[in-house]
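As structure tokens, here come the structures.
In what comes next, chain A is part of two complexes: it sits with chain B in the first one and with chain C in the second one.
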Partner chain A sequence: MNQELNKNFASGHSACAGCGFPTIVRTILNESKYPVVVANATGCLEVTSTLYPFTAWKVPYIHSAFENAGATISGIERAYKALKKKKNPPAGGKKIKFVAFSGDGGTFDIGLQALSGALERGHDFVYVVYDNGGYMNTGNQRSSATPYGANTETTPAGSKTIGKIETRKNLMEIVNAHGINYLAQANVAYLPDLKMKAQKAFETKGPSFLLVFSPCTNNWKFPTSQYVNIAKLATETNFWPLYEIEKGKYKINKIIENPKPIAEFLKTQGRFKHLFEKKNRKVLENIQEMVDEEWNRLVNLNK
Partner chain B sequence: MNIMEKGAIIKYNPQKAPRTGDWAFMVPEVKKEKCVGCATCVQFCPEAAISMEHITRNPVKPDGHGASTEQKKKATVDYDFCKGCGVCATVCPNKAIIMKKK
Partner chain C sequence: MTNMTNATKKRIALTGGAAAAEALRQINPDVMAVYPITPQTTIIEAYAKLAADGLVNTEVIQVESEHSAMSACIGASAAGARSVTATSSQGLLLMHEMLYIASGLRLPILMVDSARAVSSPINIHGDHSDVMGVRDSGWIQIFSENAQEVYDNTVMGMKLAEKVSLPVMVIMDGFNTSHSVENLETADTKKVRKFIGEYRPEQTLLKTNQPVTFGPLALQNSYFEFKIDQEKAMMSVADCYADITADFAEISGRRYNFFESYKLKDAEYIIVLAGSAAGTAKDVVDKLRQNGKKVGLLKINLFRPFPSAEIAEALKNAKSIAVLDRAQSIGTMPPFYMEIINSLNATKYKIQTASYIYGLGGRDIFAKDIEKVFMDLIKNKFSKEIKYIQ
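Showing the complex of A and B:
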């Protein structure tokens, strides 16, 4: 195994072959100059990395429940701050960075309240979401991060419906409304960009937030070897623009000259297969319109 | 007195780490002569099972003498942990990794 990459998160975890998030976890944690403490919400990452009696984490790690990664990490941060004032503080009172990892279910839906509270109180932590658009470890139930038109266990596509009929929740705007100093949307296929954003997030004083695109081979239904290609397509079709918001100022990190049609991204995955039937042609056009609209909104904010 | 009760802590133990290599159906094989050492596969490998290792070769020159030591970085796969997903073979820009049945 690669010792350098295994510094914080080791091999031997049981994430599916060809999963995107181990790369995200390693890349982000390796960018920290300070020791890190990790809190984790329930999700794929938690169940696959902490198979009793083994742990893949080489850093201090805590998991308490699904809904409270934000509350857990703020508790740790405040406790460390209090202990620092006492005699013989743990870790010699050095600077420590606090990181919370969570899936989209544990952030968009279940953990939103805990996250909002932690952001509002202004704890010094980095919150990372690996967004695979659904509750993947329980068998592909829809979440509010599942894209429009996706076929999931709880929104099955059929003769009467096209799958999920609601659009994705815009979490970036929700988090931005808390007025935090740094938040960014990144993609696992663009690692230099992700590294740069992780560095910025670690340097930010107070809360910072990263939303990272993480393809799921099992439930998006694509071959295990394709996660990088699909993640790349998501950005090339403007489905997942790379941008950051620093103190309220928007910046698009990668402007695609000639964005590909969204169908290029959708046709790589089995969960959108039904959209390519003749009767659903209108739906495809709708999705393209939605993507363009969102991109134009971002471009306007970028000015 | 210790005010904080000690909890159960599980420490990372490389001996206990599940050998996920037995999941693999297909395994990657690195064509050493094609590998240019760019390390693209290393960072995208979900298991971090690939490392770049220095490989020393002694190519003998056509005239028979003056063998030079050439050092190159080549990708090496740890089959103890490789789950055989095939991501490395897909991202390799030089098609130096091919998937073979185990």
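Showing the complex of A and C:
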């Protein structure tokens, strides 16, 4: 792999073939004009990149706990602020950028409080969620980011249930309610868009937030070669619109002229297989309605 | 503590909380991450005012929970900043997870804890339940009897933490000490800063040209060794503590040891305890001594690491001992008692030792209560059960 691409995050980590986050991490970090320091919540990314005595990180990195990436990066950022005032400032007085990476479990669920606190205090950092819709590191348990109807180990589809019966938490709206200057929803299948958003996030003064779609081959159950195609389908079906909110102003970055039916996305993954049984036809219709409704809401906000 | 008062030093009246804030002002840490929780709130309020008036350079982070307070301290400390926090009771319990991470990462974070009862039922007053709940978390733990000791331990604690690369918890009794105004002597700020020195860690997150990974995954082939190394580091603390207390005596005139021996030399009946009750216990020792009773007090200062051999040596001539705990270990004997029994068992000394629990949830202990304990020892009134001083 090319050295420039690998300059912050090395190959040789142990993430699964067909996993989305190595590309997300590289793409985002490579957009920083300044040295970066990374805090990482417990999860797949941490486990596959730091197995002692090896590390895939070519930038300063800390993993502390599951629920505290927001608080950890707060401490680092303030330490920088404090030490910058001293005689021998860190990094020779150069600017440093602070990035927190977490999965959806570490953000939507257990880490929501620490994230909220960090956003409210206005630290200068970029918070990135690689959203694979559940606790994939521990073998596919539901999170509040798991889509409606997904079969997980803790919301198994059975004769009486359709899998997860709750819809995804709308984290973008929650984060936006903190009044931060920049947040965006991106997708690993659209790298130029992700790069543009990473640049904007790094340029933002104060907190910024990126929610990035990250397929999980193991637990969504699809062939490893298909991760980009599946991620693409998420946007082409309007399940995962690409949009950003800049100082409260919404902008949809990619308007799909003729969105594909949501079933096109769902049928690629084993976790939704049960939805294609005859008895669940109504559920599929419901999901399509939900997708349309959310898209229309965004379109209205985009005006 | 041996007091060699020097008239040139500053004498002021402060609460324990304010004494900690004053020591922190002199330390002038880079980062303080705090969340208000009674009764340590006095420390952070006093410190916030100092920061507001520009008397310290500290970046104060008003975090949204105690868990985040310790998390932010961990991030800041790994970034090379001198980092402190203060907490109490439920707050310390909420930090529990992060305490192990701070010590496992070998970060020299300083914490002042106003030791307090834990819920349920909820109770805001002093006892040692919070501290005892985290005694295996790999932190150095130092008890303080009064505002003077809070001040002294805070200053020494910062230096000790950085010397051994381990976090330090300075403990005072909630309310009894945190909210009581007492006279104390503070050292000159310049001297304190010189005593502590600059904090210059070798590896930090902000050395961007020497990237380091903190907090990796260590599995069956390496985790065990990391934990043994941590134990070794803790075992080196006693020597460093002795050096630092000696150096501190030079600037303060007050000399600390692992524990305070109060009229122990020829004592036949000894009480062991820690914290604010020591003051009352000393009065009782004085009174009984006047009546010809050979009684003494051993007051624990350094609790983690526990100076077992030295304590056993100090207790060896006793006829009997009473250990007074201000916490339970529900289902077994209380913490200090267990430590003392273990210390004595490691030697050839077989001394009858009784267990008492006092002061839970802020219940006062009076001189008459302590006198009764001594009288139990003298009259050989022993039971194998825990006795409660209610």
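General observations
Here, the second predicted complex is superposed on the first by the 302 of 303 C-alpha atoms of A that agree within 3 Å, B and C clash if a C-alpha of one lies under 4 Å from a C-alpha of the other, contacts with A are read in each partner's own complex, and residues count from 1 in each chain.
In this text, a residue touches a chain if its C-beta (ideal position, glycine included) is under 8 Å from a C-beta of that chain, and two chains touch if they have at least 3 such contacts.
As the structure is a computational prediction, the values presented were derived from the model and not from experiment.
Residue contacts after overlaying the shared chain place A:A198 against neither chain B nor chain C.
Applying the stated contact rule after C-alpha superposition, one finds that A:P223 touches chain B and leaves chain C untouched.
In the superposition on chain A, A:I73 makes contact with chain C only, while chain B stays out of contact range.
When the two complexes are overlaid on their common chain A, residue A:S116 makes contact with chain C while staying clear of chain B. Using the contact criterion defined above for the overlaid structures, shared-chain residue A:C19 touches chain B, although it does not reach chain C.
In the superposition on chain A, A:T27 makes contact with chain B only, while chain C stays out of contact range.
Look at A:N6: by the touch rule set out above, it reaches chain B but stays clear of chain C.
By the document's definition of touching, neither partner reaches A:V291: not chain B, not chain C.
In the superposition on chain A, A:V47 contacts chain C only, with no contact to chain B. Counting contacts as defined above, chain A residues 50-53, 55, 57-58 meet chain B in one complex and chain C in the other.
Chain C makes touch with chain A in their complex at residues 30-31, 33, 57-59, 61-65, 67-69, 71-81, 83, 97-98, 101, 105, 204-209, 211-219, 222. Those residues of chain B that touch chain A in the shared complex are 10-14, 16-20, 23-24, 42-51, 78, 80-81, 83-87, 89-91, 99. Touching chain C in their complex are the following residues of chain A: 35-37, 39, 46-47, 50-53, 55, 57-65, 67-68, 70-76, 78-83, 85, 90-91, 94, 96, 113-114, 116-117, 120-121.
Those residues of chain A lying in contact with chain B across their complex are 1-6, 10-15, 17-20, 22-23, 26-27, 50-58, 191, 217, 223-229.
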